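Across the two complexes that follow, subunit A remains constant while its partner is subunit B and subsequently subunit C.
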Partner chain A sequence: MARKKKILSKRTIFIIAFLLPAVFLFAVIYAYPLVNIFVTSFCEWNSKNFVAPKFLGWDHMFDNYIKMFTLDKNFQMALINSLKWVALTLVIQVPWAVLVALVLSKKERGWRFTRNMFVIPNIISTAAIGLIFLNLYSPSRGVITEICNMIAPGSDVSVLANENWAFWGVTFSFILFGGSSCLLLLTQIFSIDPSLYEAAKVDGASGLQIDLKIKLPLLKPMIGTVAVIAANYGLLLYNEIALISGGGPDNATFSLSYYVYKTALGSTKLNFARGNAAGVIQMLLGIILVGMINWFFHRRRKEDML
Partner chain B sequence: MKKKKLISLLLAASLIGSMALTGCSGGGGKDDGEDTADNGLPTVTFTHGYYQDESEWAPAAEMRKIYEEFAEAHKDEFNFVIKADQGGAEGIYNTALNDLSAGEFYDIADFGGWDITEAAASAGAIMDLKPYLDADEDLKAGVGVCYDQNLTEDGKIYTVREQIEGVGFWYNQALFEQAGAKTPDQWTSWADFDEAVDQLVAAGISPFSLNAGWPTNILAAGYSQRDEASREFYANGGSTESFNDPSFIGTMGFLQTNVLQKIDAAHFGPGGDDDNQYTEDFISGDSAMLFNGVWATGDFADCEAGIENIKPAVFPTDDGQTAGLLSGGCGFVVSDKLSDEQKDICIEFIKYMTSPEIAARIVENGIGMAPSTTIDYSSVESEVESPEGKLLVQACNLLQGTDIQVLGWGNTFGDMEGEIQNKYAGLKDGSKTPEDVANELDQVLAAE
Partner chain C sequence: MMVSRGEIRRGQTPRKIRKERPESGNIGAKIFRYVIMAIVLFISLYPILWVLISSFKEKPGGLGLPEKWVFDGYITIFTELDIQTYFFNSIVITFVSTLISVTVVAMAAYVVARMEFRGKALVTLMFSTTLFIPAISISFPIYRLLGDLGLRDTRIGVIFIYSGLGIAVTYFILQSYFMSIPKEMEEAARVDGCGYVGTFVRIILPIAKPGLATAAIMSFLNNWNEFYFASLLLKSPDKMTIPALLGQFTSAYSRNLNGMFSAIIVAVVPTIIVFCLLSETFVKSLTAGAVKG
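After this line comes the complex of A and B, so read on.
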């Protein structure tokens, strides 16, 4: 017994020895900045006191948050837009990826080509995608204006110059690109035991019934994972906005990430404190979002098991 | 088993060791210039953003030559190390922000318009140039408008430049004549502008091409000089507490009805100002006016519009004066941590860069407009041979002779520049009134 204990303690030492670097790296690379962001969000920290953030005081410690939620229209716009993009990825991108994965899993002729085509946008950098869409929407060079002019002569539609259309202009630059999600789902579908399909076919199940009653239920854990990844992408959206709309027109396409950049580094005021406060909100939203999605899929799984 | 444990231990140790080494490796080699100081002479490192190859941008090569001549002329007195940052002025600014956090700063750097002064001054990292400027009349004359423009509220001057943004506008004389419109050199009020625009539109000529940023801002700044009340609001623009001012609302109203709604939507993008199509339209002869600075002459050589048709102009006012936009902005900034000897070297360099000789070279080589009040542009023009160079000198001469010289839109309103230009799309499509714009801008001010 004593020997066993000794062995265990040696093992523990080894485990700790291996974990230490990772814990140290986490503390330096993640934990310290997170704590720093959280603490400085209660400070005054801008170009006037660039090297010495000043605590706002206990009575005013939430000033940055209060101003953001009550006065700062750009933050409010960014928050609403980010939540809309999260919802749209969950409602459009994830179901779209599931649908494509289900269709491709039937391995009809040309499925490999279709799969590769679907994945291509995901292996091109978002910067390049942004430039492509910027040119598509350009009133002087893009085809969108041309097509609109063919339908309604003289309309001279400028997608990115209109506050309502610009949001959708940015949205369509990423919402249908679910290639990575589709690949994950396909892998999951291909790992399902084929005997289940054969048994279903023997019982007279149609292709649609196999999709709905066998594949989809077994895909749920992966759909949950894909939903978390997609929703986070929507919440953290930055590149497309920076390249396509620059947050405009009239800040109508601000996202939380873009707001953080513009507030902290994109302005001469260098308002790091306000940017960090927005970062804290973004972090909290991310945690809540992941928790909700996990809860939803976990609950559904439990219900299915019952 | 023992072997496995040993390997495990080695792996863990190497991980920790590599992290420690990574952590210790920073900080080296920032000032390579110090290494060259083995001749016993004091050393100053100057960083600039003119990194481009001559074939890419000729003025960059000329600027480097100017710097090198200074270093060469003083090589027996001190080491003047010149470094080009491949990130340009923006790269220098970003590096400076990082350095400030570590308590460091460049010896001397040219920030090329990227304003680092507030952050650097709050960190106590940069020196006040005012005592040196006050003590030397030639130096003060050399920095021209930068002296007043860069004077802070607490009476300090942290930066001066060797060149400034000189902005009026350009027009195509042939298109004006074709429309039978009075050319800008004959305008005596903004009513003349309106009349000319209407005549150009009636003749089927696009009066100007714009985007939702730079050129529209120039026109707004020019119109803001129309009368005393508007000029007063503009002069205090950086510290304004409300945009609900009749003169500002008047400027927005002018932009809406007399400018933006007179032209097509093309090139009027999302609120960004990166679409350069407005320049293309002018140099191809498709629009009659271009709102851009003196440096635009670089695009005029062999252009379709015909360089002989292109003329510089300055803005009229409604009280019989002329106005131009002359912005110094952030240029040379010197570290306060240098020794007195090193500081003197930096001042010597600034004096050299703002001297009449270098000012003339900057203008003659088509680099830009110099701030010096002592330049005789008429004699400079005789030294210049190229048509685009002559145009540049003429434009500088016109600007130097204006009755009213003010900062540009961005230098006046700071971060609010972006917020204001965000409203142009709404003004153009009529979804916003000038009053809406003022109210929305006030909301932004309140949130700061």
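After this line comes the complex of A and C, so read on.
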């Protein structure tokens, strides 16, 4: 009995020792900051009382949130833009990735090369992508202005100086780069048992019919996974904005991430509490979004979720 | 993010390429497919090729080829800008943080995959929740914390943060890999008198190499490319990573156009070369990890 107890405790020590470093990383990098932003979002905390955040009081505890939603033009713009970017990834990026995956799955000559090249924009640094698009849009050295001048001489388009165009300028720096999504979908298509559509082919179904009626429904869970990843990327968009537009012109290309950064870290009139409140909103939106997408794509396929 | 376990395993055995090309009869469909492939190639490659061509121009930018090929940009970034320093920083920070992150998570994932103990579900829950915590939302407390510890603007600070970012993905990859290893392997080792740590180091880690490689590639890629924390935390040029340097071109070095175009190329080419050499490994890792950025 004593012997068994000793073995047990050795085992316990092993378990604790092996879990401890990961738990430590989690506690310091995720848990503490998470609790911190949540608590301080109910405080008054800005450049005037930097040292000690002050609780707003039970009656006014939601003031940061209320002010953000009702008075803060930058936040309103950031919220709308981020939701737009989420919608655009779902409407443009995901279908585009599905289309390319279906096309590549036919294994025409060069499909593997095309697939690999499609991944490149996803594996190089977004800082580089941002910088490349900043230059492509530049009126003095870019190509967009030059092309527009060929079509309409003298138009002198400056993508990033116009409020509406700047939004699309940022959008097109990432929206068509669905390479890693395409990879996931492609793996899934190749794992479909061919016997499932051989019969349909014998019955005279066209390639398009097979794609739409057989492959697409089988792909649904993976499309859901891809949609979650893409929508999350749209919701958290930061790098492209920081490098290409800097949130401007005016505040036309603010995103929630960019707002959090500007409000808590990157300007002169710092308001830490409000930045943290925006962080809480961003996180809640992410959870709601993932829940909605999963619900939509996995309604009858719960067993496919991790 | 939410790849089913079956997915990860299925991805590991490359399927035999089927020789027959079923729908090749329809010419219209074939043309359509090639048009889509051409568009994909264009949008993926044109931006990079444009920068490459521009980097050799006397006045970078615009359409067309250079009238005179100049290499000034490349010379200045190596002599004046010392891009080697940034590469060195990137390599050190990425290597160390990837090593720490994979080691630490492997230990935890192994314990969860193999042992029964109270609070096991809690550990998995803990790693899963990190998927829902956006790094930028929590960056202000992290920034303050590193300031208090005196780790702001240090490589150690960045290594520490990178070690923790992306632990969820690493955890899912490794945990499912450990689960796929037959238990008999460890039982045999235990009978031979191998301790818990010994079994893990000598038996499990060597078997789990493919899973570790997958996790390491994902982690390496993310840390190599990470821009937000690098630009937030690293302010002195001698400590900056390559993405942080690129960020500087929008402000500090914005007038050195040849330098900027050359720096973009020098920054992306190593990744592209490694990817082309190991594309199949990368493809497998990307489909197992399923998370970008």
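FYI, the second predicted complex is superposed on the first by the 269 of 306 C-alpha atoms of A that agree within 3 Å, B and C clash if a C-alpha of one lies under 4 Å from a C-alpha of the other, contacts with A are read in each partner's own complex, and residues count from 1 in each chain.
Convention: a contact is a pair of C-beta atoms (placed from the backbone, for glycine too) under 8 Å apart; a residue touches a chain by one contact, two chains touch by 3 or more.
This one's a predicted model, so the numbers in the text were calculated from it and none came from an experiment.
**Q** A:286 in the overlay: touching subunit B, subunit C, both, or neither? Say first, second, both or neither.
**A** second
**Q** Mind telling me which of the two, subunit B or subunit C, contacts the most residues of subunit A?
**A** The partner with more contacted residues on subunit A is C.
**Q** Contact-wise, after the overlay, does A:72 reach subunit B, subunit C, both or neither (first, second, both, neither)?
**A** A:72 contacts subunit B only, not subunit C.
**Q** With both complexes overlaid on chain A, does A:149 touch subunit B (first), subunit C (second), both or neither?
**A** The answer is neither, since A:149 touches no partner chain.
**Q** Per the contact definition in the header, classify A:49: touching subunit B only (first), subunit C only (second), both, or neither.
**A** Only subunit B is touched by A:49; subunit C is not.
**Q** A:180 contacts which: subunit B (first), subunit C (second), both, neither?
**A** The answer is second: A:180 touches subunit C but not subunit B.
**Q** According to the stated criteria, A:275 is in contact with first (subunit B), second (subunit C), both, or neither; which is it?
**A** Second partner only.
**Q** Residues on subunit A in contact with subunit B in one complex and with subunit C in the other?
**A** After superposing on chain A, subunit A residues 14, 18, 21, 25, 138, 140, 246, 265 contact both subunit B and subunit C.
**Q** Which of the residues in subunit C end up touching subunit A in this complex?
**A** 1-5, 7, 10-11, 15, 17-18, 21-23, 26, 29-30, 32-34, 36-37, 40-41, 43-45, 47-48, 50-51, 54, 59-63, 101, 104-105, 107-108, 110-111, 115, 117, 123, 126-127, 129-130, 132-134, 136-143, 145, 160-161, 163-165, 167, 171-172, 196-197, 200, 221, 224-225, 227-228, 231-232, 242-244, 246-247, 249-250, 257, 260-261, 264, 267-268, 271-272, 275-276, 279, 282-283, 286-287, 290-293
**Q** In their shared complex, at which residues does subunit B touch subunit A?
**A** Those residues of subunit B that touch subunit A are 5, 8-9, 11-12, 15-16, 19, 97, 100-101, 103, 115, 118-120, 122-123, 212, 264-272, 274-275, 277, 414-415, 418, 422-423, 425-426, 429, 431, 440, 443-444, 446-448.
**Q** Mind listing the subunit A positions that touch subunit C in their complex?
**A** The contact residues of subunit A facing subunit C are 10-12, 14-15, 18-19, 21-23, 25-26, 28-30, 32-34, 36-37, 99-100, 103-104, 106-108, 110-111, 114-136, 138, 140-143, 146-147, 176-177, 179-180, 183-184, 187-188, 190-191, 194, 201, 206-208, 221-222, 224-225, 228-229, 232-233, 235-236, 238-239, 242-243, 246, 257, 260-261, 264-265, 272, 275-276, 278-280, 282-283, 286-287, 290, 294, 304-306.
**Q** Flag every residue of subunit A that touches subunit B in the complex, lowest number first.
**A** It is residues 14, 17-18, 20-21, 24-25, 47-51, 67-68, 71-75, 138-140, 156, 158, 160-163, 166, 244-251, 253, 265, 267-270 of subunit A that touch subunit B.
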